[in-house]
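The following blocks contain the structures, represented as structure tokens.
Across the two complexes that follow, chain A remains constant while its partner is chain B and subsequently chain C.
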Partner chain A sequence: MKKPFNYLKNFCIFLLVSPFLAVWVPSILDGLLTDLTPAYRSSLVLSFQQLSITLLATLLFAASITLTLGYISILWSIIGKIIASVLEAIESVPAILIVLFSYAPVSGYLASHSEASSSVVSLMIFVFAATLTILPESIRGITLPLGELYYQKYSLSFRSYGFRRRKILAVLMGTDVMRHAFKRIAAGILLKILVLDCSFGFIIQLGFGSYGTPAHASPGALIAANRDALFQGGSPLLFWLPVLPLVMISIAFLLILTNSKENEI
Partner chain B sequence: MFAILGTMGLVSLYFLAIGVPIEKYAEAGYSFLLLLTGSTDFSMAHPGYSASAIIMSGAGITLPLAIISLVILVLIALSCAAISTTTEYLEKKHGNKIIPKFLVFGKSISILLAAIPLFVGFWVFGESYGNNAPFLLIAFITITLGGLGWDASRFLLTDMHRQMGTTHTMVFSTLGLPLGRLFPLPGTFSGYLLSSSFPRFIPYLAGKVPAIIGGVTIAEIIFSFPGLGSTLLDALLVRNTDLLIASVFILLCVNAIVTFAVKTVLFFLYPRLYEKAI
Partner chain C sequence: MKSYPLILDNFSVTLFDRTLFNIDSFIPEPGTSTAITGMTGTGKSVLLNALAGLLPAYPFKLTGSMKLNGFYAYQDGVKTNYKTWNQIRQKGIVFVPAESAQAMNPSLSLEQNLKLLAPDSHDLIEQRLKEYFGIDFKKFTKFYPDEVSGGELQRITLMILLSRQGGLLYLDEPTVNLDRNLRKRFIQFLNKEVLTQKDKTILMASHDIDFVRALSMDTIIALEDGQLKYLDALPESSGYEKPKPKEITGPGLELQKVSQHYKIRGLFGEHDFYAFRKLSMKFSESIIYGILGPSGCGKTSMIRSILRLIDGTTGNIVLDKQNLVELKQKENGNDPVAFKPFRKKMSVVQQDSRFAFFPDLSIRDSFTQIYPQQSFGAVDDNYLLKNYMDKLLLPFELLEKLPRNLSSGEMKRMDILRSLISKPKVLLLDEPFAHIDFKTRTLVMQTISEYLAKNQVVVLVVTHEDFDLKYFIDEDLDFLSIADNKQRLTHRK
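On to the complex of A and B.
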């Protein structure tokens, strides 16, 4: 009974993240949203395309750093303590402040260069800043279960066979517990980036208008650009249309997180 | 110390990145010193910004909003964890099947609320209240939307679940004390579970303070409150370095004060665990 339920759950998650698929396959949207102006329609598609690129790029970058630093933290405990202190200091600064500060120095460059190059630089800055804000929690997500496995469960028996710490950790990284941890971390990273990217896009659009950085499009900026649609005389659809897929995608990530946490119990 | 060093570190990196001349470092350092000493007009490059005005925007808006949000976060997490654990206890021990269905409904609602972006909630409420939105409502939205409340409830619930299977909890449940179904009060079953989970929950709360401050900052910008969030954005808009330094410093101070308050609670309740937590 559990397997069909899991298939259903996975199917639901797939449906919830389907907006990403829809924006990359234009034929899916052909018959839909015909009442909207072409400019709004293309902004909507572009913002979700760029969001998917941002999520993927940050996930790959953040996950590779998380895995490396998480592994090193357990392998060499002194380095682990140093990394933990640095990450604790980073975690004490609000994420939105880190992103604002990361963009401030390059705002001049982004404004004076072509759209294509500033878009790439903007994405790189965001990936860097978002990774910085994500790392403390994601590395903890690796080191806690890995450390528990290493120090409390398997270390003695593995050591009695003469395995070295590096080999033991490599074996432990492939266990079911760690696989669940990776899944949970990936969903957590994606959710945080989604929230950060959209919140930041919204605030910048609110404060600086369309000339503000980041130069890469974001559904948050699109929502902010159409925020007055909620007032009398406006078309609320323009405001709610980007919100709906954002909520759907967030629910998908939250479902993955909930599932992983239940497995943890 | 964290706020001073943090501000110096962030601003130095910023100056380094934009490549300002060396005199600018000295000017900014002097302005920062004037701010620390509470000078009426601390900014030499941009006169008109007084240290007390910026401190007041932090103390009058950002700090109370952050503290109210933190209190709401704790209340929501405690209540959700108590309802969930006692319901599962009743289901396992007494075969009660009706209440768990309500629990599933409640969990679905909490996921839905967590999935709604914070800024969308602020903007929708802002439309009704304008700049007169009550602090309590803003704090409530900061916690319920965007996932903070959901995450804290999940954290506490997971921890209390682990305690449910232990022998000492089973022994406690035989004493016939009330369950504490809505709130984990002392002397109840859920209160007993909470007392075991509290030493891990308090450091978790301390870690969530920056996220709360971040949410409050977004609220201040959207509701146009004269708090630190708006000041920070204004500073970036007009490229006022002194104002930027002051806002970052006060924001980090607020962060440090709230974190300190949370850790003080841990120190008084669990002095031995406090040492481990720091």
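On to the complex of A and C.
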């Protein structure tokens, strides 16, 4: 009974993240959204394309740093304490401020260069800033279960057999418990970046309009640009079209999160 | 009409493809106490967890029906709805798990935990803690669970849970982590305060026959072959014939003024805390030493310092004329080259054997990783492995299973096997029999004794169980006496 339910759940997750696939295969959207202006249509597609790149790039970058720092924190406890202090300091600053501060040094560059190069730099800055904001939580997500597995459970036995700490930790990193932890961290990273990207895009659009940085497109900015369509005339579809896929994608990430928690039990 | 608090009808629990028990009918009389005994792994704890509604739907499969406090808790193996269970709980179910301290919420202080778990029994708990466990609860109210010692937390939790209001009381191996003195006081408490209450129906699972014998229980049941069997009397625990150990020829293991300290984080930074000071002791080969003492007195720290797996050891630990403390001064996750031969000479079996093998590897693959010098590819390849598996009554199929699919008794025997095939010169057993029944225990003891008859080995056993002292231990040492450098209390049997 559990297996069919899991298949169904995975199918639902696939359906919910399908907007990301659709924007990369233009032929899927050909027959749809014909009433929209070409400018809006291309903004919509571009914003979700860039969001998917942002999510993937941040996930890869943040996950690799998280795994490395999480492993090192348990391997060498002194380094672990230093990392924990630094992350604590980062965590005390609101995420949106970290992103804003990160853009400050490059805002001149972004305004004065071509759209293509400014988009790439903007994406890189965002990935860097977003990674900074999620590291405290994601590293804790690794060190807590790994530390518990090592210190509370396996260290005494396996050290007494003569295994080195690094070997024990490497084995423990591959256990079911840790695999579920990685999955949960990945879903958490994606969810947080999704919210951060959209809220940041929204704020920039509100504050600076089309002149604002970052230069990379975001569904948040598109929502902000069409917010008046809800109450001051215009088609409400322009507002809801980016909102709906965002809700779907968020639900997919939440499903992955709950899935991992169930498996942990 | 009499209302029965618990009715089981054709109730069975299956774990994966193994039926743990299938109970045709079980209806304890209201206001009585029932002890459920049986070998480790027969499903006693699973039964109590099922009766408390705590058994997860996966990997367990349930059939039949269960009525609690007059309401259907399970029908055709399906747990009834939340509303029904709420009604059942309102009438009162108290469950005291084996690891009772887990019942405490770590983010609440002990006082807050008490108010949450037993709001009407504050004064009673205070009085009972003082009278039976010598704990002044007023001094602990503001502490959080992780700020008190394991022994203190267990005593406080036990008393809180046992003072809760409720008509149905389940106790799962309540003495597992209590030392001898506390166990005696706990028996007094149960006999005087709990088992006399005729408004409670009590079910207690325990493998400890001596403990059950000391209690005034109304009914005794054995869970055997998946069935509940009523017993007229408890079986007598018997020992085994100990073979003569090999003659003493070597110097054994010597501890010279060994102290062990830890860094404790306090309000004004870190400060030293001594687990024990200036411990001097000679442990000869071929004698089984029993180390006794209350929980938290430093017995496990001594084992770890001998193994050189903790920092903060001073003094000399001499094995084969070499000082192990000098050979390995710091535990940084690796052994210095000079210490490596000694690592192979020492073996430890801990209280909890669940973590003795790699979690996601089969037992055979774990063995291959742990002892790469030995061939475990095929069963027949390793005479030693085959021999010990036969002796410990472990079927070979278990080698293909994951650790989590073995019962605690099987895991314990597998861990002892793992320890013996490494042919240790020093065998350290840290409360190795705490979770296993007397029959399995005797089997394991006999196997270790036979190992002693053929090999010169130093054996230290941390224990607080009378059974071990009676049948297994040659010489018992009061850890507090030897650690304080006072005259040691010992007698040769």
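Keep this in mind: the second predicted complex is superposed on the first by the 264 of 265 C-alpha atoms of A that agree within 3 Å, B and C clash if a C-alpha of one lies under 4 Å from a C-alpha of the other, contacts with A are read in each partner's own complex, and residues count from 1 in each chain.
Methods note: a contact is a pair of C-beta atoms (placed from the backbone, for glycine too) under 8 Å apart; a residue touches a chain by one contact, two chains touch by 3 or more.
Small disclaimer: the values here were computed from a predicted structure and weren't measured.
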| item | value |
| --- | --- |
| When chain B and chain C are modelled together on chain A, clash or fit | clash |
| Contacts of A:V171 with chain B and chain C, given as first, second, both or neither | second |
| Partner chain in contact with A:L144 - chain B first, chain C second, else both or neither | neither |
| When both partners are placed on the shared chain, which of chain B and chain C touches more of chain A | B |
| Touched partner set for A:Y161, first chain B, second chain C, both or neither | second |
| Shared contact residues on chain A - chain B and chain C | 265 |
| Residues of chain A touching chain C in the complex | 2, 75, 153-157, 159-162, 164-166, 171-172, 174-177, 265 |
| Chain C residues within the chain A interface of the complex | 56, 58, 304, 307, 309, 331-335, 340, 343-344, 346-348, 350, 354-356, 358-360, 370 |
| Interfacial residue positions of chain B with respect to chain A in the complex | 2, 6, 10, 13-14, 17-18, 107, 111-112, 114-120, 123-124, 127, 146-147, 150, 154, 158, 161-162, 207, 210-211, 213-214, 217-218, 221-222, 232-233, 236-237, 248, 251-252, 255-256, 259 |
| Complex contact set, residues of chain A against chain B | 89, 91-97, 100-101, 104-106, 108, 191, 195, 198-199, 202-203, 206-208, 220, 223-224, 227, 230-231, 243, 246-248, 250-251, 254-255, 257-258, 261, 264-265 |
